[in-house]
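Scroll down for the structure; my scribbles are underneath it.
A, B and C label the chains in the order they appear, each numbered from 1.
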Amino acid sequence: MFREAKTGWAFVLPAFLLLCLFKIAPIFVSFAESLQYTGITGEKTFVGAENYLFLFAEDPVFWNSVKVTLVYSLLVNPLVVVTALVLAMLVNVRHKFAVFFRTLYFIPAAISFAVVSVIWGIVLDPYYGLANGFLALLRIPPQPFFASSGQALLSLVFLIIWRSAGYWMIFFLAGLQGIPQEIFEAAEMDGVNRLQRIFRITLPLLARTISFVLVTNTALNFLTFAPVYILTNGGPCGATNILMYESYKSAFVNLDLGRATAISSVLLLIILLFSAVELKITRASFEY
Amino acid sequence: MRKNGRLNTAVLFIVLSLISLVYIIPLLWTAASAIRPAGSIYQYATPLTWETFFPREITADNFIHIFTREDFGIPLANSFIIASATIAFGVIVNSMAGFALARFSFPGKNLVFLLVLITFMVPFESIVIPLYILVEKMGLINTYAALILPAVGNGLAVFLFRQFFAEVPKELLEAGRADGASWPRIYLQILLPLSGPAIVTVMVMMFMFQWNALFWPLVAAYSNRLQVVQVAVASHRLTEETHWAYLFGSALVASLPPMLLFLGLQRFYVRGISKTGIR
Amino acid sequence: MKKAASIFLLVLFSLLLPLCIFGETKLEVVWMGWPKDKVMELVERFEALNPDIDVDIQLVPFPKLFQTLEVRLSSGGTPDAYIVDGPLTSSYAVRENLLPLNDYFSPGELESWFASSIAAGTYKGKLYSVPYTNSSAGLYFNKKAFQAGGVPFPPQSPGDRLTWEQVSELARKLTEDSNGDGRPDTWGLIIEQIDRPYQLLPLIQSKGGRAINPDGLSTAGCFTSSAFLEATTFYWRLFNEWKVSPQGLKDSAQSREYFGNGKSAMMLGAEWNISRLAKFKDLDFGLSPHPMFAGGKAVTPTGSWHVGVNARTSHPDEAVRFVKFMTGKEASITWHKLHGHAPARPDVYEALPEVFSSPLWQVLFYEMENTAVPRPLTPGYLEYELILREAFNSIHFGADPKTTLESATQRIDRELRKYR
């Protein structure tokens, strides 16, 4: 580390000022909102922790959302990151056909989330969709997907993987470029096999990229909104009613800004917690 | 890699092809739906036939319609301007901040880093109203600035640059210092040239962030002349109807610029040669 | 001399030019995201008739419409006029987001619209939003499915309706799973808006149930009444016992796709299907009046979009002129021709006999005049609708009607407390 405080501040200031103005300040306003009660004509009354107390003590819908969100998170984050990593390693070759596959896997990320949701709503239609059409060819009975509380969350996870694995793949590709070719050549000459090479050399050298992808992917997945809004409305029977969606409903349907911002503050805390744990784990595993 | 080279390549190709089926099937069907005459969307979805993916009757009418009757060119141009301006400023500003966080120690640094992280951990819906009031007070409603300015500072980009710059060998920077170079010069002439993959990734990331923006433009830049591409695409979903062919057609056209950007920057991803510059 | 004169004229002109621009009032309007070319036709006509007003109309995609309005309205005088989902009128009114319009309309003028629509746009005796479109619903049926099942068509004359009991029998008869894969190839009945109170409250009200208490501020005793429960149980049985109706339909468009592709013998749906089913070339359909429960009342849903003026606008007169134009006879006729929505003005039905004399429209017009019941009038309609909709959604997936409705009524009443 260079101990030149003035230079450090000079470099960080432009972005930091912009972020403070357009993100941090509104975040603090929003947190302040969670400590208030907003009446129907907009008058605000300070109520302290009342919104939070209500959430924790008297709101079973909130607790269901917490449960659903945690399960969702524990499923989707590792799956997306591992898929992205595997894809990146597979396409990180110099063959001409790699360009085609790299772009193909990336395409879903280039289509808006809302449209991807609409497409998968039809592909996974419980009765007449393409997926069930394929299953029919394999003599498998039609599956309800989003129309069943058992399968809805898993279908959602699948949709997220499909859409975002290719996107995070490019971050891993960038990270893989940072590993000098000589290291691989040396390893090969030492007789290290492919699997050992991946776990002993590639992954540790990718540690910072992995932690970046893990943390940001986790945060963004907690903020998933479009597919729930378009495909499930939190159902069936609350099976996909993630915290983000509850917060949205509070803000724009129940017009209860206090509860909405309280939920998003709790969500922020959860995300920070997960991020801290993830940073610790990647640091410990790879000791950077 | 030398022995079994051909076999390895063949196996790789097969694996990649199998994976790509999951991608191709929905995408091909979407494209087929966009070039079919507008009609029922489920008509060819079930039962599965060749026609599901390769329509017998194809037409360019849907695309013609969105460009001539709905002026789809305007939102495409608007989003392009906004996204380009954002990455032009954003790459500079965020890489500078990432550099500071990676390589300098200064009072308050940990707090700054924490705040930077928080900026992408909060749902947009929570901050939209205060942000709107702020931008309105700045008199920027219904300007390009309203859409560009709040997006230039990007916590994800700062975080990514920080991770990347933390890998750059300290010796390189110290050597520059020892040569008497100023920090701006080191930043411009040593650091940035090494950062190809990071810069390119941030460019794609920020471009897509702006390209996919929907809610904020609706609220802050709502005038018709400022309509952005995702609003134009989304407007095909009405209360009682969805114009599938126009929705998919416009969505596919809208997905081209990010794809082309990614394609064009591919070469930064496959170099395979050492670029750290240290032997 | 000539030079001086031309300079003088040039200066005069350049001084007057800004006046011309400033003389034009600019109205900002938020509208639903209908196809732009079809909306602009009306806007341009308005501007032609009102050269001193320039309208900047923003078309917001429906999924984002309410949030966008909430953000814009929360901070002041924009937009000047906006489209209002009928039942939300009291919600906007109570939060002082709509301008009372009684001073701008004579009582005679107010009779231009359906009474139920005016009622929906009124809160505490004042008119806050003007009806723009209307709606009604009926039972669409697939003629080929009925013929294949050897069943006579349901009645098709205005007011001549089946009972729900008869409908469920027909549905059971016409649900077919020919290849035994556990998934019907033809369903008996599809409910277009499968879980929305708009579509389902008429069943409850047909049994004599009440949607909300008269003060519009609580539901205690309504959802748990035996009428409400019986109607809801009938609904539950369609999906879970008789299995004549597909679960999990997400929206109107999907329901229509199913019905249009011949996957269902009947569909309970809104009036817009008359024009929107036309794209299904193989579909031969008829319309039977909305069913009712035997021994109960005939009730049909109604109400659709309204237009309102922002209470904080700086251009109230111009905004009202815009509202009056858009809800006027000429614009309503054009709008129907472009979009196929049911007009909110009876005089439009008379003006387009070539459209509305069809038997299908005659059925619906009868309902709008005789059996239409607007949605519950409450400032908390958004909350009410969301929670009740979630309840219906869970019930159709199999949840127990009684416990689900009990929890719904508690949650709604808690939300409605803030309006007391």
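Rule of thumb we're sticking to: a residue touches a chain if its C-beta (ideal position, glycine included) is under 8 Å from a C-beta of that chain, and two chains touch if they have at least 3 such contacts.
Treat the numbers as computed from the prediction; the structure is a model and nothing was measured.
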Original post:
In terms of C-beta pairs in contact, which of A-B and A-C ranks higher?
Top reply: A-B
Original post:
Of all chains present, which has the mean Cα position farthest from that of chain B?
Top reply: C
Original post:
From the C-alpha centre of chain A to that of chain C, how far is it in Å?
Top reply: 36
Subject >> Computed distance of Cα centres, chain B from chain A, in Å >> reply: 16
**OP:** List, in ascending order, every residue of chain A touching at least 2 other chains.
**Re:** 114, 125, 127-128, 136, 252
Subject >> Of all residues in chain B, the ones touching two or more other chains >> reply: 41-42, 125, 129, 214, 234, 237, 242
Original post:
Got the chain C residues that touch at least 2 other chains?
Top reply: 63, 67, 74, 258, 261
**OP:** Sort out for me which residues of chain B touch chain A in the complex.
**Re:** 1, 9, 12-13, 15-16, 19-20, 22-27, 29-30, 41-42, 45-48, 52, 93-94, 96-97, 99-101, 103-107, 109, 112, 115-127, 129-131, 134, 149-150, 152-156, 158-160, 163-164, 166-167, 173, 183, 187, 196-198, 200-201, 204, 208, 212, 214, 230, 233-234, 237, 242, 247-248, 251-252, 254-256, 258-259, 262-263, 266, 268-276
**OP:** Would you tell me which residues of chain B are touching chain C in their complex?
**Re:** 38-43, 69-71, 125, 128-129, 132-133, 136, 214-215, 218-219, 222-224, 231, 234-235, 237-244
Subject >> Contacting residues of chain C [partner chain B, same complex] >> reply: 28, 30, 32-37, 56-64, 67-68, 71-72, 74-76, 251-253, 256-258, 260-261, 270, 272, 276, 279-280
**OP:** Show which residues of chain A lie in contact with chain B when the two form their complex.
**Re:** 1-12, 14-27, 29-30, 87, 90-95, 97-99, 101-115, 118-120, 122-123, 125, 127-130, 132-134, 136-137, 162, 166-167, 170-171, 173-175, 177-178, 180-182, 188, 208-209, 211-212, 215-216, 219-220, 222-223, 225, 244, 247-248, 251-252, 257, 260-261, 264, 267-268, 271-272, 275
Original post:
Once bound in the complex, which stretches of chain A touch chain C?
Top reply: 39-42, 61, 114, 121, 125-128, 136, 141-142, 144, 146-149, 229-231, 233-238, 249, 252-256
